[in-house]
Each structure stands twice: as C-alpha cells, then as structure tokens.
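A, B, C, D, E and F label the chains in the order they appear, each numbered from 1.
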Amino acid sequence: MTGVLSLVLWLPAAGALVLLAVPRERVAALRVTALAVALLDLAAAVAAGAWIDPARAGTLQLVERVPWIPSIGISYHLGADGLSLPLVVLTALLVVLCVAYSWRVETRVKDYMILLLLLHTGLIGVFLAQDLFLFYVFWEVSLVPMYFLIGIWGGPRRGYAAMKFFLYTLAGSLAMLLAILVVYLHATPRTFDLVELVARRPLAQNLPLAVLAFWGFFLGFGVKVPLFPFHTWLPDAYAEAPTAGSVLLAGVLSKLGAYGFIRIVLPLLPDAFRQFAGLTAVLAVIGAVYGGFVALAQTDFKRMIAYSSVGHLGYVMLGVAAAAAAGGGAALGDAAGKALTGATLQMLAHGIITGALFLVAGVLADGQARTGNLTEFGGLWARVPVLSGVAVLAMLASLGLPGLMGFVAEFLIFLGAYQVFPALTVLALVGVVLTVAYFLWAIYRLFFGPLNARWAALPDLDGRERWVLAPLCGVMVVVGMYPGPLVAMINAAVTNILGLVR
Amino acid sequence: MITLTHYLVVSALVFGLGLYAALSRRNAVAMLMGIELMLNAANINLVAFNKYGAPGAMQGQIFALIVITLAACEAAVGLALILAAYRRFETTYVDDLNLMRW
Amino acid sequence: MDLRLIAPELWLGVLSLGLLIVELLTGPDGKRLVGWIGVIGLVLALAPSWALLGEPPRLLFAGAYAVDAFAAFFKLVAVLSGILVLLAAMAFFRGRPGGHEGEVYTLIVFMVLGLVAMAASADLILLFLVIEFVSLVSYVLAGSLKADAKSSEAGVKYFFFGAVASAIMLYGFSYLYGAGGTTNLYRLGPRLASFPEPFVVVAAALVLAGLGFKISLVPFHQWTPDVYEGAPAPVTAFLSVGSKAAAFAALARVLYVALPPGAWVPVLAALAAVTMSVGNLLALSQQNIKRMLAYSSIAQAGYMMIGVVALTASPTQVGSGIAAVLYYLLAYVFTNAGAFAVVVAAERLLGSDTIADYVGFGRRAPLAAFAMTVFMLSLTGIPPTALFWGKLSLFGAALQSGLAWLAIVGILNSAASLYYYLGVVRVMYAQAPVDAVPASEGALMRVLLVVAAGATLVLGIYPEPFVRLVQRASLLLRV
Amino acid sequence: MTGEAIAFYVLAAITLAAGAVVATSPNLMHSAVALIPALLGVTGLYVLLNAEFVAGIQVLIYAGGITVLILFVIMLTEGGTGLRIRQRNEQAAIAAAVAAATVALLIAVAGRTPWAHEPGALPSYTPGAIGQSFLGPNLPLFEGTSVVLLVALVGALLIARKETGE
Amino acid sequence: MLLDWGYVAIFVIVGAGMVSLPFAIIALLSPRSSFPHKLDTYESGVEPVGQAWSQFNVRYYMFSLIFVVFDVEIIYLYPWAVVARSLGASAFYSILVFLAILVLGLAYAWRKGALEWS
Amino acid sequence: MPWYVEVLRAVAGTIIIFSGVAIVAAMFGVLLERKVSGWIQSRIGPTHVGPRGLLQTVADTIKLLQKEHIVPRNADALIFASAVVLVPLAALLDYVVLPFGTTRWGPLIFRDLNIGVLYFAATSSLIVVGILMAGWGSNNKYALLGGLRSAAQMVSYEIPIGLVLITIALLAGSLSTVTIVTMQAHLWFIVTQPISFLIFLAAATAEVNRTPFDLVEAESELVAGYFSEYTGMRFALFQLGEYAEMFAMAALAVTLFLGGWRGPVLPSVVWFLIKLYALVFVFMWVRWTFPRFRVDQLLNFSWKVLIPLALLNLVGTAYVVMVVQR
C-alpha cells in the first residue's frame, strides 16, 4: 500500500494550508481544525504501523519512490521500517498532545497552529526520507517553524534563544550538507538515494574522505542531539520555548540527531564511525555526567529537564557509539544489537517521558503558578494530587525505575555498551545516580514539605490536561511492563542496519 | 630606435599619474581628469599594439575610437552628476559628500 | 544573416527607443503608460530569448557576438530581472511626483538591452562598449532621484568607483589585445596560452578589477553600501541582480574562453573567500536594510565566485561550476529583486528603511512580510527556497574541483549570515506591533511579491526543470 | 638619433610633464588647462604610430570637447576658489604608493614580455579602413555607439537639468 | 606619411614662435608705469565687487553637453563618409539607423527644454 | 630630398603663411571691415593714414606695439598669457590644409593631409578652449561671462559645420582638401549642395562672429567680452586670431563649394583670392546689415534649424550617393 506514508507526511502541511484560509479571529475553529488534522495524522501513522509487516520490520516497507530532480539524482523516496515507524508514531502522538495542550495559547493562534503543523510535516519527513537530500530538506524545514515558535511565543529571552538554536543547528546542518555532497560526488552513478548509497558505500575505499564526511555528519547530528560540546543551545531553547515547543524539541527534535547517526552514518560510513566511536562514546558519557551535575544545580524546572535531557541523550549516544565500535566484529554483534536497540528505545522513552515532564512544567509555568522556579514550590502533593502523581510517575520513569519505559531502554544500552566500553559504561552509571539524585530532590522540593501559601488556590489538572497526559502515562507503563513487541520490531530494524555494516 | 616598449613605458607612466590623481584628489573634477589620463594611457597601448602587434586589422585604433567616445559619454554623465551634487551639497569635494559613511 | 539570432537584442532596441518616444509624447500624467509598455515589451522579449536556448552555438559579426545557450540564458535572466525591477519601480513611483519617472523606466529597459548584450559579447571592444553602456545607465539611475541628496551622493560615488574600475579594466584589455594581436576572445585564448604567465596574471588582474567592481568583489566593493543605500530602491535591486548577473556572465566568458588557467586561480579563490567573509562580517552590524542587503550582496558575490573558481580550476568538468553559478544567479534574481521590492513597499508603508522600524510589519503587511521571510530564508540558503539549491551546487562544484576549504569557508559564512537575515524576520514578527493598522501594499506590489516569492519557492521545491535549463545553458560556446 | 626618436621623446616629455601637473597641481584650473598639452602630446604619439585619424579625433573630442566640458564645470562650480582648499585626501600617500607600484609592475611586465618589435604595415588610408570596418564586421560597435551616445545624452540631461519644482 | 606631420610639427613650432614674437617686441617697446589702479579688474569703471569666479547658469553646461555628444557622433561619420561610395544600400540603412537614434536624442533635448536659453 | 631641405621648406612655408595671413587677412581685413561698414552706413571710413586710409591698420598696429601690456592683479597670469598664444595659433593651424592654388608641381598647399577637413575641424575646435582660458584667466566677471557665452555659441555651431564637412566628404569620397577641389573639376559642389553651402555660411558667420566687430574701437560696448583685460599687442593677437579664423572659414567655403582655386584664364591663386574676398565681403555685409541676434536666438537657430537641416541634407545626399546612383 503505497501512499500512506505520503499521507502521513503531507496531511499536516495540507492542514496548515486549510488553516491559512480560516480567518484569524475564529480562534476556536482554528484550534479544532488543527487538532482534527493532528488526530487524523496520528490515525494515519498508526494505520501505517498496522500495515507494516512486523516479521519484516528490518526492511523498508511502504516504499514510495518517484524522481524529483532526476538530473542530479534526487528522488522523492519514502520508506518506513522498525526504526523509523515508532518515531513517526511518537511524533504524531506528541503533536496531537501539543495541539491539545496549546488550547491555552491566546496570541496569534492562527500563526501558531500553522507553524506547529508545518513543523509536524518537517519532523515526519526526516524520519521517513530515504534520500539524503530529502532528508536534508526536511531537516532544515523543521528548523524554521521551530525558530518562530520559540521566537514569538517563547519566554522572556526568546529572541536570543531562538537565534542561538537556529544558528547552532544551521551551522551543524551545513556541515552535514558538505558531507552529503562529498558522499554524492563520489558515488557512481551519482545519487542521493540512501538505500543505493548504503548498498554501494562509495567512500569505503577512501578513508580520509570518509573521515571528512563523517565529521560533517558528526557536526550536523551532534549539534542536534546535542552531544557534549555542542549542547549549549539546548538549555536556552528548551527553557525559553513555549511548552509545546519544548515538548517537541525534547521529544522529537533531539531524536533527529541520534536517528541520523543510526540511519545514515552507521551504515554509510562504518569505518570512519568506528574510528571515532570511542571519542563519540567519551563525549556521550561526559554529556551524561555533566548533564546530571548541572541538572542538580538548576532551580528552574524546565532548565532542569533540559539538562536531564542532555544526560539521557548521552546514554543514547553511548549506545550508538558502542554499536558503531562493535559493528564490524561478529563477536560483539549481539552487544551492538542490544546497545542500538536500547538507544532507539531510549529515544522513544525519552520522547514520551520528557514530553510529559515538560507538559507538567508547562502546566505550572503557563497556568496559575506562573513560575517554574523549584525553590518556590513545595507540598503540592496534597493540593494537586493528579498533577503530582503524573509528575512523579514521569520522573521515576526518567530515572529508570524498573517497570517503566525508561528502565528497559537504559538497561539494554548499558548491557550492550558494557561489552564494548566497559569503563565508560561504568562511568555513565554515575550519570544514572545523579539522575536519581536530582529527580528525587525535585520531587521533594515540589511535592513534599510545607505547602507554600501562595499555592493554596492552585488548581489541579483540568479535564483537557488530563486527557493530554493520560496517553503518555499509559505508554510509559505499558511499554515498561510489556516491551516485547516494540523491542522486537526495533531489534529487527537495527539488526538489518548492523547487517549492512558487516 | 623607438620600440613598442618605449610606448608601453610612457603609457604605464601616464596611467600611474592618472591613477594617482584619481585616488588622491579630493575634488571630483580633478578625479575625473585623472580618469581621463588613465583612459589615454590605455589608448596609447591600443594604438601602439595596433602598429606593432597586429597591423592589418584596425581593431586597436577602432578600440581607441570607442574609448574616446566612451570617455566623452563618461565625462558628460559624470560631470552632470557632479553638478547635480554641487547643487545639493554646494561642494565638488568628494569627501564632503558624506551623508552616508564611505 | 538570420535575424532570429539577434531577435531579442533587436526587439529590446526597438522597445527602448520606442519607450523614449512614448516618454517624449506623453505628459506628466502618462508616465505609467511608459512603464506598462515596458513591462509588456519585456515579457514579449522572453519568447525570442527562450527560442535561442536551442540554437546550435555560433559566432556572429566576425566573431564578435556569441549565440549560445549560455548567452540565451543570460538574456532570460536579464529580461526577467528587468521585468521585476520595472514593476518595482512602478510601485516605487506610484503617487510620487517628479523624479523623471518616464526616463527611469526607459533607462531600465535600455539597461536590459545592455545586459543582454554583455553576456553574449565575445570581443574585447564590444564587451568594453557594453560594460560602459550598462555602467553609464546605472550611474544615471543611481543618481536619478534628484530630490534626494543621498541619491546624488550615490550617483557621484558610483560614478567614480565605476570609472576608475573600468579604466583599469580597459588597461587590462589593451594588454590582452597586445598579447594576442586580436580583440576576439576566441582567438585570444590560444595565443595567450603561449604567453608568459606573469603577463597573463597582470592582465587578468587588471580585467578583474573592472568586472570585480560590477559584482562587488572585495577589494572593489567599497562603493556598494553607499550606492545601495542612496540609490532608489528599484535601481539598487537592478544593480544587485541585473548588473551582477551580466558581469558574472562576462567574467565567465573571459576567464573560460580567453585566459589560460594559471596562477590567478588560487588568487581568485582567495578573493572569493575574503569577499564572502567581509560581506557577512560587515552585514552583521547594519541598521539600514539597504546597507544590510548591500553587504549581503557582497557576500553573495563571494559565494558565486566559488562557482567561477571551480569552473576555471577544472576546465574539463566545466559543467558543474558554471551551472552552479547560473542556477544561483537565476534564483538570486527572484530572491534579491523580491527583497528589494519589499524594501520599496516598506518605504512606502513605514516611511523608513531602518530595520528596527520594521516592527510589526508582519501584522501590518502580512503578504510583504511573508515574502520577505521567504527571501531572507532563501538568501541564507534554507530549503525549500531557491538559493538553497544554488548554494548546494556551488559547494558541490567546489568540492569537485578540490577546493574543499572554499566550500567550508562558504558554509561557515552561510551559517553566520543567518544571524542578520533572520534578524529582519525576527523584527517583523517577533515583537508586538506598535501600530498594527493593516496597510495595503498596492495591487501592483502584491503581484510583484507573489511572483517573486512564488518563483523563489518553485525554484526551491521543484528545481528539476531549472536544473536542466542551467545544465544546457552551461555549455558555453567553445572554439 | 632619428627624427622619430626626437619626436617621441619630446612628445613623451610633454605628455608626462603636463600629466604630472594635471595630477598634482593645487589649482584646479591649472590642472584642467594642463590636460590640453597632455592630450596633445598623446595626439603626437598617435601620429608617430601612424594613427592620424585617431589623432584628429583625439584633438576634436578630447581637447575640443571634453576639456571644454571640464572647464565649464569648473567655472560653474567652485572653480578657482578651490585654491585655498586642501586638494589631496588622507590616502594620498597610499595612492602614491599604489600608483608607483602599479607603474613599476606594468613597466616590469611590459619590459619582459617578448613583444613583436617590428612595426607592421598598416593600411595606407586609415580612415577608409576604419570606415570599412565599422560598416562591415564591426557594425554592432557602430550601431551600439549610437545607443550609448543617446543614453549618455538622455542620462546626462536628466541629471543636469533643474527640477521644475526646484 | 610621417613627413606630412613633420611639416605640421614645424608649423606648430615656428608658428608658436611667430605668435610669441610680439611679446619680445613688447618687452622692448612698451612703456612701463606704476600706476597701481591699472592692475584693477575692469568693471565698467567702478570698483570690482566680489570674486569673478562665481557660479553661472547650468545652461552653459547643457549646451556643451549636447555638443559633445553630437561631436562624438560626427567622428563616426567621417570614416563612413570616405567609404560610403564603395558601400551599398545596406550601409546606407546602417547609417540611417545610427542617425535616427541620435536624432531621437536631439528630440529628447528639444522636448525637455534643454535647447531653450531662458 | 635631404632632411634639412625639407625642414627649410617647412619653415619657409610657415613664415610665409603666417605673414600672409597677418597681412592679407588681419591687417587688410580690418581695413576692409571698416570700409565696408562705412559704405553700408553711408560713411567713408578711415581716410587719413596713407592713400585713402590704406595704411590705417599698419598705424594701429604700431600704436598697439607701443602700449603697455597689463596683467590684472588678480588674474591667473599663466592662463592669461597662454590663451593669447593659443587662440591665434589654433586659428592659423587651419591654414595647413587650405589649398591656395595650383602650380606645375602640384597644388599650392602647405601640406595635403589625408584627414584634411577633420584636421581643420579639430584645430579650430581648440579656439574654444583658448577663449575659455582667456575668459577665466582675466578674473573679470565680464570676461568670464563673455568667454562662457562665446564658447557656448561656438560649440553650438561646430556641429552644423561638421555635418556639412561630412556631406562634402561623402560627395568627394575623401577628407583631403585637394581631392575635394579636384572633384569639383566639372561641377562646383555649390550646385549640388546649395543647402549645405547656406548652412555652412550661416554657421561660419556665427562661428567667426563671436564678438561684435565694432569692438575694435570699443565704441558701442564698453565690455569687450572675454578679452576685456587684454591690452596692447595681446589684444592685437586676439584680433589676428579672429580674422585668421574668419578668412580660414571663407577659404574653406571656397574649397568646399566654390571649386577652390579653379577658374579660367587668371592664375589659380588669383581666382582663389577673388572667391575668398567675395565671401569675406558677404560675411561683412551680412554682419553690418542684419540686426544682431540675441544669444538665445543664436543658439536656438543652430540647434533647432541648422542641425536638423544639416542632418536631413546629409541623409538625402547619402541616399542619392549610396542608393540612387548605384
């Protein structure tokens, strides 16, 4: 069944066009339309998931391929496998929740919704593109709406944060563009098609160039993840973005980088990646530990989540790096598979969990509390039990409590990575400890202790907010308890990719 | 014996004088005169090359004629601009035309 | 001779002379008629230019004039930019008394004629004549807004930089003639190949001064900010797209056909790097939108030079470098002309060309602001806008010619340029409108903006036909 | 020393001396007037190079036309009042260095390049040859020139004439 | 052919000498007086007022401008004129176009009042 | 011929032409002018010096030689002095290409340059520069204004003259003055080109008519135009330049339209002089008969009448020569 992926991809963009025609005064109509579009898209994504044959989750399915710019070898090539499909569904889900959550946005609703839907298309496109060029285009396209979302609806320092975000990512992605060009120019016949490129691996015989290309990709994806030295845009952007923006930034945008490493760098430049896998792992671990320490020092809820993201994404990258390092050797094949599966699962888990956390933080900051300062809270458990419960659940999931989604992912990562980078993995566990520390402390500061009189009238989650958070909590628990099918699907995909590496 | 090189040297010197005038003068009209010297220097080259390098065809001399023509047009337009600026700024000293930073 | 081969030139000549007559016959209220005739005439000029794309390459007038797809492509570019600029000028003059409206329209069409001829000239004399012709028209246009002292200043400054540059270039031409014994580019090439390198380098450097001036190559760029700021905005648009495109065409033909590749190639590469860096660096701090666009256009010239260098560095694989420049120029025409059209609109609506005054523009003139966003993204090189593909092909050409460092410099610059391009967008949208009364850009301006922004997007979303076009056009006539 | 050589050196000396006055005289009017001997010196060089038609045009256009324009403009603007004003800008020293370097470079290149040193035979009647060329292969130049002249005229008048409202 | 111009050169040199001759005679013959007022600028007998170097009407420039353009046009007609007989009708039409374009310039100047001495 | 003979010939020729012009054109011309003006105004003109006043100009010249020459205090001495040399020299340079007659060895001409009429146009265009220099150098308002006016007028009339020169060159197929005369062996060009002749006459009148002739005595106008400040012999040199130019124009008209030196019976030089003086007489006649033009009328006449007419005439001639006659 071809076409379904295109439907998933373009539905939001079409919805944006429809919104363009709605007068800007009709706020309710705008919101409802946007939500309807997002829901339809989620349905389509789930439908696409249903179409996929789980037995062949390792190979691309639902492939669509039409020439786009044949004169330079670019085609409109979409495809989904066990790696990308969960991410697509995650994206669609988070967008639905964001739209629903954003009911409270009052200013320039029309522009807001349009940008959100455009962002949606861009993100989905990145996960579905099987042509380097298409990939790059969607990658860049997703930047612009996010820039506006931060820049217009963000916090007090939104201008600075938006510009910093855009500048960092653009610099990185231009480096990636260079890498893409290097690969392209050495392919015969010249093509940007990822599948063909992976099959031929044009730079296999030319290690120096492969290294150059690797660094291009590394910068592009590393900034996006973000890896340790490139992470400085992240706290500003996460903290200043409007809540929906933070959710998507943390939930989806940060996955783009890791996804790129897995989807492109690993199969395309395995030798070069292997050469620098150690370095990548070191950076990842530094990120994990550093993120933990800094998160510990934060007083702002959103900033704390932001730094915790740096840490969690460090685990993801540790897994990817381990897979890259192990990739070639048959001995470590199993470890590589575990690490990579764990990394992918961690991406999903982080998306769900951090999304939930940001939503909770948003409820506090955008709602009546009007602040995200942890030190000003306290004793909320009694006052707002539902909110507190959701928050605690998410935090526990995030710190890796067994039975919740985060645990499965982290466990797999460490299991795999330990066989490849034992010392580093142990070091990374320091990060886990830190995570436990700051989350518990945060739970304490927020929900226990004496109730600050200011919050005496703080309302609990209203109906809409409950509906928004409920699916996330559900996923956390369900996947945590019963990860089997999802893990199997992802495992099939990464095994396939690792198979290509060999 | 006067050779091509003699002419080229004279032309280079005239060019240098013109360039110096065009770059160092403050007065617009004086700069224009420097430009005219530069054009003349090029014309000496063209005519000299026509005799020494490429006789037969008259391209060098024709080029020189075209250059003279264009010099006249350039002078006409340039001086008109100078006059227009003079009406506005009451000066023909180029560095006094400084509404915008140079 | 087959008149079809010079049909665009003939038609433009007739058109421009006819416009002058109409200008003379109409009263002060009838000048818009001149503009409309000009627009229609230019649109009609597209057809014969298009037809020439398929002609087998050949030389006319004893080798002085080339008819090839390359020249035909630049005819199209020149005419297109002429149409856009003429429309912008008409919007500019709407309700603005005096100002030599009719003459400006006429001169714009004359300039299109010059640009059309510039890309096709294959003879030093003709080339010089045409370059000077274009220069003369531009000096006049830059200074044509006599009610504005800045325009006068711009005219004078432009004139002096231009005149010095063309005098230097002429000296270079005279050396080329002396060495080759001919003024024909195609006959010069083989003869220069046997000439000592220092000579060729000096001659090339002198020639580069003149053409570098037109394309605002550092260090011949000093005129750019003042002239861009002072000249009437539509004229500035024309300088930035029309003149620049034609100058690149001339440069490509001279470098490729006449000058043997040699020591000056790395020099040119260095100039390209310096040009984009200087342009971007200075653009960062600009307050005035026209000045910002001026420095931006310097930087853009630097990017385009990458293609020229790539073309000369690997003459065997000429396709990629030249095609990249061509695509870039085509995209640049719509993008930059569009950006200046927005400047025109903003000048009318806000009475200012200071970037800070664009606050609330997104609300007051949503279409113009949206178009400006598209143009700014395009100038930065973000997909799916036109210049993205241009940059892509330029960097690709650089990589292919072994100039990876140049591509890297280009990429760093692109990233830096985001700051000031996006700054405009940010001001337009990100801040609360001070005075959010919606204002109308005017029907003409709206059409212009839709066309320019639409073309920028189409070139970005579906570049295939245009890629094919430039690949065909990059086959410069070789003899 | 042949007559040609004497003539050459005399003419070169006139051209350069007058050119130096043009480039450096603090009196604008003197610069403009010195332009005339400089141009006439160049005219003499054209004659030595058997380009008498170009020489005639040089006198007619340059000395009789462009110089008149320049004199007019000097008289219509500050003119001699400029005597009291500094005539050189701050970059004069740099300009001198640039010009000197350029000259040195050009002379070095001109001196080292293996030019054809034997004068060739030009057509016996240059105006005729030029006319044939203009109406033959160089027709685009010929017609193009008229357009250039037209545009220069239109443009210069547009710039120079006073606004009606001014 | 250079001989012709040798003659012209001698004509110029000797001629300049002859024109300057009266100055020598003046130096010998003319009287000197030290009456200071005679060095005054002549202004119809009254004391000179202000600088002579003041600005005049831009109209002078307009005329010389049109003159230069037409003067340049004429230089293209000289070479044409001498070969016109040997060329055919096509050359006539070439020159007709050339002149027509310039006449347009004259018409422009005329219509815009540049030829009026007001 | 050995080179020194050539040089001697050239020097001798130069001296002869200069003296000849000074005597035949300037001195005699001034006298003639005064006589003609007297005749037209029913006066007698100069009578005292010499028989019937014939030596009047000689006396004037001697008087002028004795006058002190004054450089005004504020004048630009260098420019002031060079203008005096430039104007008469430029006027006299015209005579290089004027053929006065013919002899057994060839035409009587200083040098028959192959760009003859172009040379003539070029050298006479230098006079304008001299006049501007004189007007400027004096540092006198009247002189400067006069110089600017004269220059504007002169340049305006150079164009119709140039167009006429081209029309004739077209007919003759050459720029050489001797060839032009030769081509009139059967038919004077005045017959085929009457309009050209009239245009030339009108333009030349205006061109040489650059200051009122009655300024010799400075009677009716106190301000002499660009040479107000020139005294003594310098003043005389300007007069020489003006008369030389007028005679050169007349001589050129003779060469272009009236068959040059050609004529039956009488020696060629005599024919030439007869035609020359006839034309000079016409110049003077016109001058003293017609009311003086205003400046605006003068300029309009050139641009709006003479130049369009000359262009039309040129195109018509070209049509006949290049299309009809082939």
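Keep in mind that, in the parts below, contacts are C-beta pairs under 8 Å (C-beta built on N, C-alpha and C of every residue); 3 or more make two chains touch, one makes a residue touch a chain.
Just so it is clear, the structure is predicted and the values come from calculations on it, not from any experiment.
Q: Need the graph distance between chain D and chain F over the touch network, please.
A: So the least number of steps between the two chains is 1.
Q: Determine the shortest chain-contact distance, in steps, between chain A and chain D.
A: Minimal hop count between chain A and chain D: 2.
Q: Tell me which of B-C and E-F has more C-beta pairs in contact.
A: E-F
Q: Please find which chain has its CA centre nearest to the centre of all protein CA atoms in view.
A: C
Q: Select the chain at the greatest separation from chain B, using centres from the mean of Cα atoms.
A: So the chain farthest away from chain B turns out to be A.
Q: Looking at C-alpha means, what's the farthest chain from chain E?
A: A
Q: Quick one: report the Å distance separating chain A from chain B, using the average Cα coordinate of each chain.
A: One centre to the other, that is 65 Å.
Q: Please compute the C-alpha centroid of chain B, do the same for chain D, then give the distance between them in whole Å.
A: 6
Q: Between chain A and chain C, tell me the centre distance in angstrom, where each centre is the average of that chain's C-alpha atoms.
A: The mean C-alpha positions of chain A and chain C differ by 42 Å.
Q: Per the centroid of Cα atoms for each chain, what is the distance between chain B and chain E, given in Å?
A: About 20 Å separates the centre of chain B from that of chain E.
Q: Touching at least two other chains at once: which residues of chain B meet that condition?
A: Residue numbers touching two or more other chains: 15, 18-19, 23, 32, 43, 48, 53-54, 57, 59, 62, 65-66, 68-70, 72-77, 79-84, 87, 94.
Q: Would you mind listing the residues of chain E that make contact with two or more other chains?
A: Correct list: 1, 5-6, 53, 56, 58, 60-61, 64-69, 71-72, 74-76, 78, 81-84, 87, 91, 95, 99, 101, 104, 108-109.
Q: Which positions in chain A touch two or more other chains at once?
A: Correct list: empty.
Q: Please list each pair of chains that are touching.
A: Contact pairs between chains: A-C, B-C, B-D, B-E, C-D, C-E, D-E, D-F, E-F.
Q: For the complex, which residues does chain C have touching chain E?
A: Touching chain E from chain C are residues 17, 20-21, 24.
Q: Which residues of chain E touch chain C in their complex?
A: So the residues of chain E in touch with chain C come to 101, 104, 107-108, 111.
Q: Can you list the chain B residues touching chain C in their complex?
A: Checking each residue of chain B against chain C gives 15, 18-19, 22-23, 28, 31-32, 35, 38-39, 41-43, 45-46, 48-49, 53-54, 57, 59-60, 62-63, 66-67, 70, 73-74, 77-78, 81-82, 84-85, 87-89, 94, 97-102.
Q: Considering the complex alone, what residue numbers of chain D touch chain B?
A: That would be residues 2, 4-5, 8, 12, 15-16, 19-20, 22-24, 28, 31-32, 35, 38-39, 42, 45-46, 48-51, 53-54, 57-58, 61-62, 65-66, 69-70, 72-74, 76-78, 82, 85-89, 91-92, 94-96, 98-100, 102-103, 106-107, 110-111, 115-123, 126, 129-130, 133-134, 138, 141, 145, 148-149, 151-153, 155-157, 159-160, 162 of chain D.
Q: If we count contacts the way the header does, which residues on chain B are in touch with chain E in the complex?
A: Of all residues in chain B, those touching chain E are 65, 68-69, 72-73, 75-76, 79-80, 83, 87.
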